[in-house]
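Chain nomenclature is as follows: A, B, C and D, assigned in order of appearance, with residue numbering initiated at 1 for each chain independently.
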């Protein structure tokens, strides 16, 4: 495999680089960057080990322009670019090589909803239908055949994974009340005052609640993928002073009282054979246990006629670059977890 | 005024010490401690300024036993002690001097509920009725005449302040879904593995959801103080890596569509003349802006047939020691904010 | 007193605002800002309490232009502006009203050294001689009569306070080896990638060692203020993930073996009556104990023929805005600590 | 390979577990624990992936007693135990299987110095001579044949790696002045008030300077390993609010002016073919770039007649468990970096 990264100097690009470096099926990596093209990779990412660089084509090499990458004809392209910029940079690769897009450009199927959400028309409305939504555990079959994978957002990944099995089983009804806590890297390498150390340290707050956050329509679309679902969601994200980590708490009304052990059984059926989901039962998961890992840990507790769902991911791994690699593995028939760590931190 | 602190070496006691030191009506402070009695205060709290010590009786003095404090006959007693230990330590003062108790020993009026919540019988059931619940903005009149003030918990303070005005106005119905984020000092100076720097840094999680957290019945009791209220609450606390700070997000169903500007007006009526509440309207408040301050900042946004309420406090100040001092000010007829800072951090 | 702040929206300006708000001799504050002039103060600093705003002229008021401030004829002007920009903004006030400048524009006496250090000529070489270096505990007499006070940098403050008494006593020789750890706010409200939460969290490093840091010549000039001193210094600053705090460790060669208790006695003589210095003896001070306080805590340990000096300050308080207010107090004959907190955090 | 860990529930044991899990030559791991023997590993370390557990013998298994491990006859034993406890727990393995001891029990060769440092006699003085000091880049030859490897402390590792090449080249003289910054995990999973989140967050301080820190004699012994060295060291550690990370700054006097490029050449000779050392030249390394990695990054700058050395490691990886695995690789002839990550964080 020869893999290209468009946008290597952002956080998701840097994580992708580390994951691809340890992937046993990937022999060459082409690191692209429009802003830093020509610079030595070792001078833009001091964490990368030079010893690893020697194992790849990009030894001694510079960050590449998209044109240089086109000439290399990679086998797969990861686009780790900002929303609304990604589709056009990827243009030369569409139809020629599978593209895994970490931006939002192909996530929403409905062009009207896209425009309402992102305040611009979708850059490539012609491709919206072909794009497969890369929630790896739920659209595995489609991903296997996809040539354009819209990698999910971090909030939708952590929110949908615990909800979809219960929704499919007809266990939920009404409006889900979801509160999500995100580490600051969720904002990307975004040089704004609000993301300075001194503004975020010892600080936390909600932001963009209700339908305001652009991930809300993406979550709703995911919920709607379950036939017959009438679930709505009121989604409130919060910023917490973590670098990497996301915890989502959803309170859902039960459509009926589940039988004893039924919820456990529903989750086991959905995820028992999926290596990137860990079911913790009534134990509430913590973000540190999935930091750096491609796992989503899911716990739950029934409270009267409601169920509370708890899920945690690393927003840059299972919530971005790790799931992108998982999708590549699925698409190319590799072991699903190749190159990925499933261990969290101590 | 001559003020005593029982439990000076815990976090709330240390904060109380700083607040009382700058209070212009307090001439003497008697710092009590069972664990460190006899030690120099300056050796148990390195942050206290020795220059301030010279202004008080406790210059050069040691931490005092409760007996020594009894002999001093202070004008007010603050108990900054653990739950279930507080009532008995305070015993010599009941009936002689106003006691402001920061523990939970007198918060719940119902002895059965107390036992269910704290797994022990209330230590002084005879005093439960006399104790006034010290949510300063809501029970001001009672506090003025109280000789035993049960200082509210941090979660109930931050949760109830935005809810009570709307509930009183009949605007809310159903089950409130409340998610709260707390800094680690909410656990007190509790030497457990879970509170180590290495366990909480870069980590976040929910804990004790639903009816499990002992603050839930306290919040419910506060809701029930509004005549005719049928509100219930599903409360889920989370730990976030802050030292001091609490953010609460409540999603509530509207009993009816409020008129334009009605919510603003309800809040203005409730709090416009209360210096420790700041209304931020649709702007969502952040914890850093109230850190070190006795303010509760409250914001709100209507979302369809629901309203989302956002409130932030410093859990150790408005959520504990600051509100205790505010209660002393109310009780003794001082300016409500004397000794308190209303500024948050930068 | 009617006090003006030039540069109210930076970190040092925001701290100054809080300190002046509680200063009992300051009745009016004029908050200046070139970038945000015309905006309501309450909209640029959400931490400021609106209730405090009502006590001052700037109730409901906007941030002011420098011209507006000139018209108000304040009694004192604090300049909390960037280096090389400060002198020209302050120009209308020179000779008319005492100016306390928190920038480096008037710290170095030698224009050649200034140019070498800041890569530009000093903006007002004519004023360099008249400016008094505001290290409050050492140039108290000069400060009393100064009309232009060059407020020291944070590193020089924390480094010089423990050194000057020993140097004056002839106890030190050779090249001091100083390592300093600074919180991130030392960089000001500087919106650069290096100061993002995600770049500084869980990260530490040295930077600008030796003669590279612009505070090195300032420290050397301070050392040279001791007649006969031949001390040199090798200064290495480090960034640590704190918001506010600075710890300095200096290893110095002893010129002779001090008599028993001599070092203690030297420090007592220098600082026993100075409220903003706390001597901790052989106990090593910690930054949290001075956070938010205008104290510098100083400890020391003799190690063979060397002495190790430990000092901590809050870089934004004793290292900037607090010392500026202390200087105002000295200049105008108020109590030295008026408006300042001497307590650190818990 | 079948590897045992004694002390699996401490921080270094937990890291070892993760490293061994990905090591391609290790087929079985025996996780030992005296305090938690019998408990399921998955219940004591929630970060470990259950999917990985299935690949090893310890699938479904419990933490083992030392006796159970003895019966398994592992091929290598890692002891991740407290100082003074390690030697006796390891006793059944000495002479039978290579032991890599992460404690200090075998680091100091001189029993008198050991007793002076650890306030107890060395637990096994008979083995001190046989134990090989496992500073992987310097005692590689001895490690290949060792049956007892004393894995170095974190401070000695980060301090010695930059010093030894220059000392061997005769470039240094006098007393080294070393300041070291350590993340809190350096204290282990030690449940003391000083290591609580609320005590270490937003706090930094020096501790145990001069000859007081138990790592000082270990560093001195390492310096003395260079024939003819007369270097002494004054070592001052500091605690900084990181979880994992260590930065060391050493100021050394030059014995002579090095020729142009000589220092670079000395370092290249020492480390160019060593994958776990990265030379950054005059660029100062940062801890985040080696977090989670087994790298030590080394930079340097000449300042007059002194040289300043900068080195960073992850204290739990290259400073503990990672170097232990590196030593296993050297001892058993595997690729030196097998199982180790050489990438730091983004």
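Note that in this section a contact is a pair of C-beta atoms (placed from the backbone, for glycine too) under 8 Å apart; a residue touches a chain by one contact, two chains touch by 3 or more.
Computed from a predicted structure; not experimentally measured.
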{"item": "Shortest contact path, subunit A to subunit C, counted in steps", "value": "1"}
{"item": "Reference interface A-C: repeating pair among B-C, A-B or B-D with over half of contacts shared", "value": "B-D"}
{"item": "Distance between chain centroids, defined by C-alpha means - subunit A, subunit D (Å)", "value": "35"}
{"item": "Approximate Å spacing (C-alpha centroids) for the pair subunit B, subunit D", "value": "46"}
{"item": "Separation of subunit C from subunit D, taking each centre as the mean of its C-alpha atoms, in whole Å", "value": "39"}
{"item": "Multi-partner residues of subunit C (each touching 2 or more other chains)", "value": "11, 198-199, 201-202, 241, 243, 285-286, 288, 291, 345-346"}
{"item": "Parts of subunit A lying in touch with subunit B, wherever the complex brings them together", "value": "175, 177, 179, 181, 183, 198-199, 202-207, 209-211, 234, 236, 238, 240-245, 247, 249, 251, 284-288, 291, 301, 303-304, 306, 308, 310, 312, 345-346"}
{"item": "Residues of subunit A defined as touching subunit C within the complex", "value": "11, 184-185, 189, 191-193, 195-202, 241, 243"}
{"item": "Partner subunit A, residues of subunit D touching it in the complex", "value": "11, 14-15, 18, 21-22, 45-52, 201-202, 275, 278, 280, 283, 285-286, 288-293, 295, 297, 316, 337, 341-346"}
